[in-house]
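Each chain gets a letter, A, B and C, in the order it is written, and its residues are counted from 1.
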Amino acid sequence: MDVHLKNITMSFQSAGSNVIAVNNFSATIKSGEMVSLLGPSGCGKSTTLMMLAGLYRPTEGQIFFGDTDVTKVDAEKRGIGMVFQNYALYPHMSVYKNIMFPLKMMKVKKPEANKKVEEVARLVQIEHLLDRKPAQLSGGQQQRVAIARALVKEPKLLLLDEPLSNLDARLRLETREEIRRIQLKVGITAVFVTHDQEEAMSISDRIILMKDGLLQQVSPPQEMYRRPVNVFAAEFIGNPPINMLDNLPDYGGKLVGIRAEHFHVSDAGMFQGEVTHMETIGRDTLIRVTGANGVSVRTFADAETRVRLGDAVHLSVKPENIHVFDKTSGERVGEGA
Amino acid sequence: MKTINWKDVIKKAVIYLIVGSGALLMIVPFLWMLSSSLQTSHQVNLRPPVWFPNPPQWGNYQRILHYAPYFPRYFLNNIIVASVGTILELSTSILAAFAFSRLKFWGRDVVFYILLATMMIPAEIMLIPNFLTIVRLGWLDTYQALIIPWSASILSIFLLRQFFLGIPDSLSHAAKVDGCRNFRFLWAVMVPLARPALVTIALLSIISSWNAFLWPLIVTNSHNMRTLPLGLALFRGEAGTFFELLMAASVVVVLPMVILFVIMQKHIVASVSRSGLKG
Amino acid sequence: MTERRTIKETIQAYLYLAPALLILGTFSIYPVIRSLLMSFTTVHRRSMEVEEIGLHNYRFLMEDPRFHLALRNTFTFVLGVVPVAIVISLFIAVLLNQKIRGAAFFRSVYFLPFVTSTIAIAMVWSWIFHSNHGILNYFLGFIGIAPRPWIEHPDYAMTALIIMSIWSRLGFNIVILLAGLQTIDKQLYLAARVDGAGVWHRFKAVTAPLLSPSIFFLMVIGVIGGFRVFGEIYALFASGATPLPGPANSALTVVYYVFQRFWDDRNFGLATAAAVVLFVIILIFTLIQFWLGKKLVHYK
């Protein structure tokens, strides 16, 4: 089932003034794909998710599930599953009862419901935890229960609201692979809200990037990395952050973005300077090179090219890896030459 | 090796002495009530007092009936009024607190603040108009008169609203997505979660309704409708000179609440610290 | 962030509120207004006709020596009970807070009167106070104090009432104060100790200011409760079947006055007027306390 958002606007009354959380937003989520809604906090991604869920009603615009206009349909009638940031498990019910709850609301017959609960528990690998209360589970386990509860009624659309943000780093990695595995196995259309670009890059088929309630870019992760459409997209994606350079000789009046990994230490190159900082993280060595005018860039040094602090180095870069942006609009205008 | 700190020992001893003699002063009236209730008419007047009557005169409790045959009825009335009243108070509070904490509607804050302001007004000022209302409704000397005026409490609504506000929004969102509307959500999720607050409300309601005096005094006039404290006050006229019977009747009034207190001690103390108000 | 209020949700909300609002409206809000109006009227006993008489009831109260007596007695009672009960309970609460074994047990013992019917309390105390056979006089005899007619003589009646009321209020105060004490950070005491403060100075510098909100709360609640005293008096001084506000009206309080005017005299207008006066007094006292509280109470 494709999901269409058409010219969605959402405004709130907050402390007397009108706040526009989502501004004329349109996008399509294709059947069976996993789409991330990515952006800094306050960009409107969670509000968008709430509108998809039917928990908020858009001020303007329409939402379609397939051909059906669901804009005015209540959450409980949309046939969606949702996973919340704090899991929102019912604390007084056992895991089993938590997962059973949506089926009970749908008045599914007991034997069939039991079968479904067991199936989904197996899918997320929590069969052994069914008798416990949520408080007796670890964060990762609670997360699985929340996913099971969302999936048990076989929704047409799965919504995940920052589901990994309450987990520690190691578990986050593990759980996100798990979520992707389950999503692919069930083949469900899913929308994943996150502020973590790495998470979005790793898990999704496509990313919808938002800022201040406005859509910035929609594209597969690699393309967003390779061809950011504006300065914001370029700076938000990638770690370490992209080097933004102003007033380079050949690019007067333009902003130039070059990712750290695209610079190479060589004998000659477009950028020269002194190595002013080095740190080794695992197999990579991150160096900072400061030019004569005080402008510095980050890049990686190969293990072979034995760079040392204080060395004067040249950095080269392939033209296709130079992103050129208009200084006033911030829009992409092309690549390097 | 541990050395004995004499200063600490003396300090502890003094504390125990003071706190202990205070506690003794608190408990003696209760013990004296119990002891007197088990003495003969002759023993109660003996000095030095008899603390452990032997044999205990359990028959005194039966003799209450001789002077006040309606005493069991009073007891039954108390149980009916306290239990029905508490169930009603819980229901009205749950519904109202849900609206105040979870629904968005016109006039919410105005209504809420009017109720809060009313909480400051002493109940005595409402006594006479309420009596007239009961007369006009034809409820004089009925259970309705004893129960209905007290079946909603602003304090309870307020306490429960605070508790409901502490339940995260995402839980109600989750329930909505799971296909559960307001009323169902209230019963299936909010009410079980609010058990501590509901226990507080129930305990305070039971205690204040069990011991209520002035209101039952003015709205009842037959033996059939009187409650225990009222019956006890009247009993003084019926068996006034027999202090062992008066004390036995007092024990009957006090004992159920003391038992409730012994069982629910922690809850009751916590409830009072939380709400800080009686009746 | 708030969502818009809808008509549908408003209707729904008032359906949820309906039972509570119906009862509270009928029995808590309407009677307040009705009382104010009634206090300017008199109801003729035979015809039940209501007549507007303006301030007459209030003027009568101003000149009624019984009402003056009731006011005096009520003030005596409040002044006698509230401060003493707070001081004693503060003392006990601080001691109970010293990590002693059985503190919870002691607290429960002190608290027992809270769950007890005031009528039953008055009943056992009237037996304890009994001039001939009461154990109080018996025990006082040990320390050379002659027996006193505690509840039979006007000179002692108020004292007896105050003693009983302090006794029955201690537990509530202690529970509230202990709850307040438990919120005080223990490190503050250590810090004060390091700074060289003794027991008294630690109490003055740490306990008292940080506990002042609880003490203030107890004062407000205590004063309001004190002005409303009734059941204890009704049962403590009764002679036979006849309730009595103490010998020679020595324990006639305002609520008792209201009760007598309403119940015995069936003078509804005058009784409500007295109740309104009581309400105004409580209001003034509460406002004064809040005004003082603002200056003295330390809120975090």
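Methods note: a residue touches a chain if its C-beta (ideal position, glycine included) is under 8 Å from a C-beta of that chain, and two chains touch if they have at least 3 such contacts.
Just so it is clear, the model here is predicted, and its values are computed rather than measured.
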By C-alpha centroids, what is the most central chain here?
B
Chain pair bearing the highest count of C-beta contacts:
B-C
Taking mean CA positions as centres, which chain lies farthest from subunit B?
A
For subunit A and subunit C, what's the span in angstrom between their mean Cα positions?
61
Measuring centre to centre with CA averages, how many angstrom lie between subunit B and subunit C?
16
Between subunit A and subunit B, what is the separation of their C-alpha centroids in Å?
56
Residues of subunit B touching at least two other chains
none
Shared-interface residues of subunit C (touching two or more other chains) are 2-4
What does subunit C use to touch subunit B in their complex?
2-6, 9-10, 12-14, 16-17, 19-21, 23-24, 26-32, 34-35, 38, 91-92, 95-96, 98, 100, 104, 106-121, 123-125, 127-128, 130, 133, 135, 138, 167, 170-172, 175-176, 178-179, 217, 221, 224-225, 227-228, 230-231, 234-235, 238, 240-243, 255, 258-259, 262-263, 268, 271-272, 275-276, 278-279, 282-283, 286
Quick one: in the complex, what on subunit B touches subunit A?
168, 170-171, 173-181, 184, 188-189, 192-193
State the interface residues of subunit A toward subunit B in the complex, per the touch definition above.
50, 53-55, 74-77, 80-82, 84-86, 88-92, 101-102, 105-106, 149-150, 153
In the complex of these two chains, what residues of subunit B are touching subunit C?
12, 15-16, 18-20, 22-23, 25-27, 29-30, 32-33, 36, 44-45, 47-49, 91-93, 95-96, 98-100, 103-108, 111, 114-115, 118, 120-133, 148-152, 154, 157, 182, 207, 210-211, 213-214, 218, 228-230, 232-234, 236-238, 240, 243, 246-247, 249-250, 253-254, 257-258, 260-261, 265, 268-269, 272-273, 276-278
